[in-house]
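A, B, C and D label the chains in the order they appear, each numbered from 1.
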Amino acid sequence: MAPYCYFPGCSLRGTGIAYEESLLEVFRLLHLPIEELRDWNCCGATSYMSIDEGSACVLSARNLALAHKGHYRDIVAPCSACYLVLRKTQDYVERYPRIGRRVEESLGPGRLRVLNEVRVRHPLEVLYTDVGLAKIKAHAVRQWPGGKVACYYGCQMVRPYADGDPDHNPVRMDELMHAAGVPTVDFPLKTRCCGGTLTGTMPPVGLRLNEILLAEAHHRGADAMVTVCPLCQYNLDAYQADLRRRSKTFSEMPVFFFTQILGWALGSDPARLGLKRAISGRKQIAQWFPKQRAEVAAHV
Amino acid sequence: MPEEYEPKIVAFFCNWCTYLAADLAGTSRIKYAPNTRVIRVMCSGRVDPQFVLDAFAKGADGVLIGGCHPGDCHYQEGNYKALRRFRLLQRLVSQMGIEPERLRLEWISAAEGDRVRAVIDEMTAQLKALGPARRSHAEAA
Amino acid sequence: MERRLKLQKEAEPEWARRISEHPGCEGVFSCLQCGACSGTCPLSIYMDFGPRRIIGLVREGFRTTALSSETIWLCASCYSCAVHCPRKIHVTDIMYTLKREAIEAKLYPRRLPIPVLAQEFYRAVRSRGKNPELWVVLRMALKSHPLILLSMIHTGWALLRTGRLSLHSEHSDGIAEIKRYLDLREVA
Amino acid sequence: MSEMNGTVRIGVYVCHCGTNIAGIVDVKALTHYAAGLPNVAVARDYKYMCSDPGQDLIRQDIRDQHLNRIVVASCSPHLHEATFRNATRAGGLNPFFVQMVNIREHDSWVHTNHAEATLKAIDMVRAAVRRVAYHEALEKGRVSIRPEALVVGGGIAGIHAALTMANAGKHVYLVEREPTIGGHMAQFDKTFPTLDCSACILTPKMSAVKNHPNITLWTYSDVTAIEGYVGNYNVTVTRRPRYVREDLCVGCLECLEACVYKQAKVPDEFNMGLSKRRPIYIPFPQAVPQTPVIDPETCIQFKSGKCKKTCIEVCGDRHAIDLYMQPRTEHIEVGTVVLATGFQTYDARRSPYYGYGHYPNVYTALEIERLVNASGPTGGEVVLRTGGHPKSVGIIHCVGSRDENTNRWCSRVCCMYSLKLAHLLKEHTGAEIFNFYIDMRTPGKGFEEFYQKLLSEHVHFIRGRVAEVTDASLHSSEEGQLVIRVEDTLAGFVRRIPVDMVVLATGLEPRADAQEVRRLFNITCSNEGFFLERHPKLAPVQTFTEGIFLAGCCQGPKDIPDTVAQAGAAAAEALALMDAGYMETEPNTAYVVEESCSGCKTCISVCPYHAISFLDERQVSAINPVLCKGCGTCVAACPSATIRQHLFEDEQIFEEIEGILEYA
């Protein structure tokens, strides 16, 4: 089968490195060929749209064009921001001639139509649709030690370009978890925004948004949270110390990438899942994955 | 052409669906290209191939036939008859060297005022791009 | 106390019309003012106007008020408003358009770090093709609230020791090409 | 065969329609142009041609100027063709010498450029002038109208229409799909704004239907086929077996008690599933007819064949219960039809953010109607699904209304019934009531006063479309309750309001099978899927199919008074037809010119009405003018151009085509 084209985006090379590690591991275990897009560039994220949408679309158009040049059918964007901007670019060049012209100026004449010949996919949707729950179930060899999880979908992956999952109430991550033998809790805030970059720009606001999410997850009896986006994971994971300082009732919990959990279920060597990169809930992680203790200790 | 060339479209609209749709477009004040002239027939099934050929021969740049959606014909199945004839006409017309875009059959229900606009605007744009019909061919009919 | 009064001469209907022609802003005049957007927005409770009133300001043409608002910058573009709007208005895209206008008109609130971050990000990507997270955040902080850095020390350290902070900043090999692409705008 | 008979003297009349036409089309230039056309004896323009003085112009000119053809350039023939035909007849000329030119709907209203619009009008008038020269004198045909009527749907609309026509001495067949008549109104507790008991005012009319000598009532039945034409419709009705014979049942209802199911187990449809019923049941105490139904899906005898059949036992020698009952087919002939098939309410599950079906204490308005009803599942006591009485209630307006993502129209009744339910819930529970609305719409007799009454009852009114209903609490004060998150758009901030009960004011939408019904009766639907009236203002109960009329919500959302008024109007229109006993028909029928008929029989195969027969002795086709509907398909199909059509003669259409295309 044709290999998937992997578009890491900047976060998976920095704060979200564990996402990359576990994602590639899961694809390896499921024998899904995947290659990194050569010479990719930043998707521009929300900031570019805020300054010049023409250029924002050009940035993503370049990545799409590169993918097409590499004869890929699907470009896999694990970061929700990348996923959204790529989809939005495809949408905009079709719908708005002005944007189309701007992009064509850059890519050169005739290159516009190729952009929509590449399918933009989120790994969650690839694993759900292309692989399927049955196959995950069949390959899930390992018992999950980590108790109940709250599946958190965030925003930009479900809105406005949701792929089959209803945007008001997505369920596919939950179903994947069940297939992997991981119990989930009913989490009503599953698509409530984590605040994105606000944790950095307006700490009090950003922190509060994440406090609400973590508190509710805990209240619902979750022992951990699962995410599909590097920024969500970063926000939920990196500031729990501050949140603990703000309220004594706050209790820490690990925040995983869904690929880390799947990787574990599929029997991967935990060392290959980037578990040691967690900032919060390291105690639980050390308990749940004893093999990791040595490693984790080294970092504490 | 010095000033923009305005194609002339002869339209045959059935009394119960498309003609009413055009009326609805009017009452809803929907604006569209002024290039069509509507001839009312009771049913698209009444549109005799000769009407279409005569229209082209006399200088129409396009002919538009409008009827009820399949299954909705006020006379049960007149629109199906129209469709069969239309297929025949398409071949005939293309043999006469008239571009296929110039002959069009559309199902437009009485509720689809905006569709009248869409179809007429689109067809007008296409015909403008094509330029005037080559009458000489048409007269061969 | 503040004197609240808007004279009709302050309104710029032409601007409103122009905005409505931007991609994604078509719906601005079909707004019902029902408040579904502000109601579902997780950040409206921190905003000076909130999405509903911003749309109200836009369609009445109160340009300066809208462009100098904090609301548009607090929008984290989670698109919750867009999927809830009973008139299918792309509120998020309207916010983007206003952000762009605010930066062009230099009307954005100076004390806010968010627009600064956006511009730093923009520059970084133009010069590198990729976003060096650490770099951008540092410059943003220095340019707006250096104090923010203090609050970041913990996190920064945690990231560093878990190997989640790349100190060297990656470049795209195709950076020359990217620059050329992006510069086209300036010439065009 | 039409040809130019004698000298043709045409009068052309251009209507300004105030500024509707004159504002865009240069009527003076148009008139001046028309005056110069061949055969045109006189051309005038006038402010309102449809007005009496306008029509007088035509009458006068026919006499003074000896006109024998009339062209009126004004609005759509669907609006005023009849008007100008009458004016022409009054002038002493055959009414079919008129041709209308639609320069309003098809020109001035849809174009903005004066020159282009005027040019278009000129082309159209020129075409009409050429066409009308070929018109000929025709006489209208007549079809007889049978005095029986069919009413489809036994809600308040159908009931009122049926009674009105039956009282006028016509025989009415009332066909209802459900086991009882009454429709939605029977489920309501009270009616706004007067708060009189819905059942109390409905049930007398229901029994009136049952006892009326002129009404044949078929419940649990469907119209499965309809053929024919105005005045002479042949209708097939299929009556589903209820397994209890109406003719033998005395309505003692002992069989219900006798059922082997001591505990009712099946969700009760009439009570919106808030209570249970037995496999043998009667929808509600005042149901008409008072005959139980057996639901084979749940009846043990039907499922396993192993039931003690206690129902049959107790019915005894009345022998009303017949488990072998088969569907019955009835064939009837009627002259007119009134469609009153009603509406369905929006499925609140389509708006997941309000949690209907997920949170037990989220209800639809219809469920509350049953809940507060004295003969409802709880005898009128408002008990939550999770037990206990609500101390606070949130009523969310516009659920599935005014929303591009679901239904874009306003359902018209939700504001008022929400006010009503607010009042009733407060009365029953004394709870704190919050109404969440986008716009408050109370345009009706006594409606605004009712709103005022609610305000003085200290019901909360919060202007804002609710974003979500959630059980995720942000504060201990919200624990265990449903939280409504909404922007209070008047106060200008977002509010979280914890309540014990949420009521969703679901909108009205077309029935799921509206499209099939529409096809069955050969009528049209508007974009929303409601049945389309012939004219929004001037023919609100007629359809485009003669003899078929609309009543109630199948035509669009409306409240009970409007429904009853419309049902009366539909009945009156049907009565007018039936009392006249006949109806004039357009003489646009097809006819055969025998001498040129080759006898190929092509026409016979294309006619959908079997109006064409073959005369073996003469080897030609012949068309029965009574059966011919004038579609003209055979005319277009005839290879030897020997079939022709009155009003749409080939010459007339060719003249129109060439008139349009001839550049002056």
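One rule holds in what follows: a contact is a pair of C-beta atoms (placed from the backbone, for glycine too) under 8 Å apart; a residue touches a chain by one contact, two chains touch by 3 or more.
Note that the coordinates shown come from a computational prediction; the quantities given were computed from them, not determined experimentally.
With steps allowed only between chains in touch, the distance from subunit A over to subunit B comes to 2.
Chains making contact with subunit C as well as with subunit D: A. Taking A-D and B-D together, the pair of chains sharing more C-beta contacts is B-D.
Set against the Cα centre of subunit B, the chain with the most distant centre is A. Centre-to-centre separation between subunit A and subunit D, using Cα means, comes to 51 Å.
Each chain gets a centre from the mean of its Cα atoms; for subunit B and subunit D, those two points are 30 Å apart. Per-chain Cα centroids separate subunit A from subunit C by 23 Å. Per-chain Cα centroids separate subunit B from subunit C by 49 Å. The residues of subunit A that reach two or more other chains are 168, listed in rising order.
Of all residues in subunit D, those that touch two or more other chains are 353. If each chain is drawn as a node and touching chains are joined, the picture fits none of the line, ring, star or complete shapes. Applying the touch definition to all chain combinations yields A-C, A-D, B-D, C-D.
By the touch criterion stated above, subunit C contacts subunit D in their complex at residues 32-36, 38-41, 44-45, 50, 52-53, 84-88.
By the touch criterion stated above, subunit B contacts subunit D in their complex at residues 6, 8, 10, 16-17, 19-20, 22-23, 25-27, 29-32, 34, 37-43, 45-51, 54-55, 58-60, 71-72, 74-78, 81, 85, 109-112, 117. Of all residues in subunit D, only 76-78, 102, 104-107, 109-113, 116-117, 119-120, 123-124, 127, 519, 522, 524-527, 532, 536, 544-545, 588, 606, 608, 629-633, 635-637, 645, 648, 650, 653-654, 656-658, 660-663 touch subunit B in the complex they form.
Considering their complex, residues 352-353, 470-472, 474 of subunit D touch subunit A.
Of all the residues in subunit A, the ones that touch subunit D in their complex are 166, 168-169, 188-189, 212, 216, 219.
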